[in-house]
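Read from first to last, the chains carry the letters A, B and C; within each, the first residue is number 1.
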Amino acid sequence: MLDSMRLFPSDPEARAVAARLYEAVRDLPILSPHGHTDPVWFAKDEAFPNPAALFIQPDHYIFRMLYSQGVSLESLGIPQVDGGQQADPREVWRIFAKHYFLFRGTPTRLWLDYSLSTLFGLKERLGPENADAYYETISKALQAPEFRPRALFEKFRIEVLATTDSPLDTLEHHEAIRESGWKGRVIPTFRPDGVVDAEYLGFLENIEKLGAITGESVGTFKGYLNALRKRREFFKEMGATATDHGHLTAMTADLDPSTSESLYQRILSGRSVPEEQQIFQAQMLTEMAGMSVEDGLTMQLHPGSIRNHNRQVYEKFGRDKGADIPSPTEYVRNLRPLLSRYGNDPRLTFILFTLDESTYSRELAPLAGHYPALKLGPPWWFHDSPEGMMRFRELATETAGFYNTVGFNDDTRAFLSIPSRHDVARRIDCGFLGRLVAEHRLDEDEAFEVVHDLTVNLVKKAYKL
Amino acid sequence: MLDSMRLFPSDPEARAVAARLYEAVRDLPILSPHGHTDPVWFAKDEAFPNPAALFIQPDHYIFRMLYSQGVSLESLGIPQVDGGQQADPREVWRIFAKHYFLFRGTPTRLWLDYSLSTLFGLKERLGPENADAYYETISKALQAPEFRPRALFEKFRIEVLATTDSPLDTLEHHEAIRESGWKGRVIPTFRPDGVVDAEYLGFLENIEKLGAITGESVGTFKGYLNALRKRREFFKEMGATATDHGHLTAMTADLDPSTSESLYQRILSGRSVPEEQQIFQAQMLTEMAGMSVEDGLTMQLHPGSIRNHNRQVYEKFGRDKGADIPSPTEYVRNLRPLLSRYGNDPRLTFILFTLDESTYSRELAPLAGHYPALKLGPPWWFHDSPEGMMRFRELATETAGFYNTVGFNDDTRAFLSIPSRHDVARRIDCGFLGRLVAEHRLDEDEAFEVVHDLTVNLVKKAYKL
Amino acid sequence: MLDSMRLFPSDPEARAVAARLYEAVRDLPILSPHGHTDPVWFAKDEAFPNPAALFIQPDHYIFRMLYSQGVSLESLGIPQVDGGQQADPREVWRIFAKHYFLFRGTPTRLWLDYSLSTLFGLKERLGPENADAYYETISKALQAPEFRPRALFEKFRIEVLATTDSPLDTLEHHEAIRESGWKGRVIPTFRPDGVVDAEYLGFLENIEKLGAITGESVGTFKGYLNALRKRREFFKEMGATATDHGHLTAMTADLDPSTSESLYQRILSGRSVPEEQQIFQAQMLTEMAGMSVEDGLTMQLHPGSIRNHNRQVYEKFGRDKGADIPSPTEYVRNLRPLLSRYGNDPRLTFILFTLDESTYSRELAPLAGHYPALKLGPPWWFHDSPEGMMRFRELATETAGFYNTVGFNDDTRAFLSIPSRHDVARRIDCGFLGRLVAEHRLDEDEAFEVVHDLTVNLVKKAYKL
């Protein structure tokens, strides 16, 4: 099922170079500096419950495709806001297997085939005929000690795995991991959206909690900032090397302190209008950049997703249910206030992501190819795919080079897909470099250096690992 | 002139797969669910007058290119608003042949070569030297019975051909076709732009006619909607399976009934401002989606063309003269009102088209990869070309898959180009699939299934044929 | 170092065609109708001072990349606003050599390798080990007569080289070249930004100077226009065949004379607001198009660059320091006023450039494939690269054809890079055509005609050379 030449260019000359390059990075450890796995898995190290709970129910790439073709989320056992979730996992798996053909030509298919084959030895294509047999095999395997989260972590050769966490999180699972004596490095990432975005569910209570946890009086902007500083410090102590910011736009601001203070008071009043909330978020990006200059945490910005586009799905199933849709994203004017202040500061590493591929060559590569603080994150979400990764390299490299990029992020909550995602990224990078070499645009010895840098060195440098 | 390997990737491995796939779909019947041929051709079955009238004067792809290079529309005999049209068709053909080199690298060239070669046995490249001989050959052939519209329809193996028609149309030609006993399936499509867009020439008279035809009192919004319902019903009886909507933007609205009513009154007053007209059109898309839920007609939206950009050409030659220019088109926010209401309804099939390729991966594939009602139409107009089709597959497939697309539309008023357009589409799909197989991203047996689905099954399903 | 097959597709069939095509154009003379070399070089014909001053300090492609990776502009000896510039050129060269790996995958690397190899016989990859030796070799060569500007001009087989000049320029260097008896054709280009853009440094003084030079009373709009007419006439006498306009947007206007007059008065008052300044610039594009209709100068528009994005760099180092960043650019609505007036006039040649690649297929190709006056300039700035050029052909050709494009512009201030830039452009065009031939979309004899047209004929025609 998994051809050794898969994902390389089919042209023999480029393919041969790609295969040689891949040989050199295939078995390198995995660095996963940005993702959404659950730290409790590694804290408790319990067996994963069943194939549906492992592969389907947490993976919006999978159920959004099924839903788009008329499969109800109820029938897949997707948890509901009111707590309901009724579906026999074996039946869920059968539905999935029956619709496996829908994933033809998608990265999900590549990830799944890789996991089924390399982890469970299931080397035929999944379909209705073998659905039950596959379910049995996987279920049985999941009970074995070598399929516990920690064992898989080691088997996957993960050197570091970053989770994404609320600033209000106690990080108790991270602490439990540390105290367990297990050597796996699972580190948190500081993601303050819930205390920065006034539209976030429970925003005002979150601010209160922030004050309570830190002992800072969050009734003033200064106190609020200090509280954030303290939580960042705590995250750092717990191993964090980065922050992450998910905003609707890339808007930044650089207000004077008294304007910030009165804006904060409006936000706290609960009567702020959307424009004020947006400017507050914009100002907070600049504040966060300033704190990164102070404490050295690498800063990541993920803008451009319109969350919960499908109201009916949101009301019944809540957030992160495959109904977040990208929208056009502007970076050049929006980032200017932040960059004017901190863009030339060598202490800041600011990594940009996008869902709007038209910005790669128009905005992101020109910005990253100039500002010392800026780096380009890998293709994100819908673009974390063979064609998407190739477009990123083709569109960004000529202006930003390789050295203003930061390697790969798997960005996933699907733990078992991590090795396959890194494998796809390595293969595509080798394919791109193979073409450059075959077209005599780069020497092969340089391509070996570059692919090592993309796989390991640039990740470690950007995320200070 | 027509190499059997044309349009396939030149890499031998991918090309070989593409050729095998193409063999399997080359001779399948043509389904043409969206186009602009004239039903009178099939009703009267008269000979086409001459090569210029057949190939050049109705085809804005051709005369726009000639015009851009300084050839006057008068010299090509393009009909003028004042009724003037003076050009010797033989002279028009000579001008065309002299400028045939302008079409190098364009799909028009591919379509023409295919038609000249397969239909008229003209296998040398058209140019000034053979212009007259070609004119003679074609003219002569057009007088033969096997070049009458119905004979060509059968020769082309067209299983169904949809026209595009005003709701005020009597569909007399469609009726004549039915009553003639000829078995060719030529069906209308309900295109209500002229009674929905207040800027449309003769809009208010159109509304009146709508009332007169249906016996509904179109003085109220409710009556107007009922009149539209009746016309849709009539179209359905005459074989229609779809509606089509050409709007400047993809804006939709979901107003309450009383707001809609007063908005309609403003529109009827003839004193509405552009913003009101736009909201009215936006509301009408949602109303039409609601009617599609009721009556099952598949709904198509073609937004983003700025019509009649060239004022001088419009004033002298009228609409559809190659001066419609695309503009940036936003879907995610614009469609939300309609999708919130009907996007999860399995009874609706809503097919989106675009002239803004930046939306494929950013907006359209994510939307269609989630909402059950949404499907992606094939590359449209300027993008109905080898590179355009390939980009569509590369940009949309990884997120929307193949099964949220609907096969090919030829969308043409150039009847003779229909087989060549479908041939290009099939070849490009085979080339794309050939590459996926050669890169081991898809198994070859699956590619055979997919290419059948793209050529036949997805079209039939989406358009309920 | 320079493989003869470089930049061609690696597929053997397409590569073989590309190589044959390239053979036919490789040694054709260079036409450089748009660029930024300094005419004083050819007037005085003095030796270039040293490798750093030749290769690094004038080339923002190079120092922006170094700066993005933490190399200070001071250390590179970039001239400062206060006149400071302290850096040992040999040390600058060492820094450059040490960071040469940063340019992997960029066009700068291709240009440099070509120049070092073909001009100086330096055939190993530049790096820290050979930095000093390379510096010596180049320094020594620069003292030789065959490395003087005029000798290089001839060695490069430049048939015509256009500079870019302020309307206030005396063109004394151009005159000196003429009077010197040297046969090299170095012509000016009329670039009026400094007397059209009210935000331009010294704008009001520039207007005054314009009046003083021409003897026109620039206190009225009519006098101002007449002054511009006179300067255009002077440029024409000095050999100019084109104008160039660098605007933030592509906005055009077509105001009546009295509105233009009062707008001009506001501008002259020094109290105009940004909106007024923008409309003034918009109106001036239409005025310039009108003058081009009169005097036959080809008109070029380069919109979409946000200049001096990095405030700190601008304050210390001034303009053109690699901190200009593209932004989304709209053409269809913005150009309508100008095109409504002059777009159908065969006397106008109006060449559009873009930094927003999403407009190639959406806006620019449809516009140029219709309006007789419009042509598409080659990929500009960040997109003047192998991938960028290929995307341009892939995205624009199917709608605009080859014959609405105008060949290549090197657009450079790096004189020594001119042959390498034209070589890259020729190779990419050959590669694109090679693929079309290999895919049987174009006959090989036609491809030979096209590549000649792209290299020579279309340039001469568009720029009236």
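Following the convention adopted for this analysis, a residue touches a chain if its C-beta (ideal position, glycine included) is under 8 Å from a C-beta of that chain, and two chains touch if they have at least 3 such contacts.
All values reported here derive from a predicted model rather than from experimental measurement.
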| item | value |
| --- | --- |
| Subunit B onto subunit C, rotation angle from CA fit, given as a multiple of 5 degrees | 120 |
| Interface residue identity across copies subunit A, subunit C - same or different by half | different |
| Subunit A and subunit C, separation of their C-alpha mean positions in angstrom | 40 |
| Per-residue overlap in subunit B, given as positions that touch at least 2 other chains | 9, 11, 358 |
| Residue ranges of subunit A touching subunit C (in the complex, touch as defined) | 9, 11, 13-14, 330, 332-333, 336, 339-340, 343-344, 346, 358, 361-363, 365-372, 374, 394-395, 397-404, 435-436, 438-443, 446, 449-450 |
| Residues of subunit C touching subunit A in the complex | 2-3, 5-11, 64-65, 67-70, 101-107, 110, 125, 306, 309-313, 322-323, 325-328, 355-358, 382-383, 385-388 |
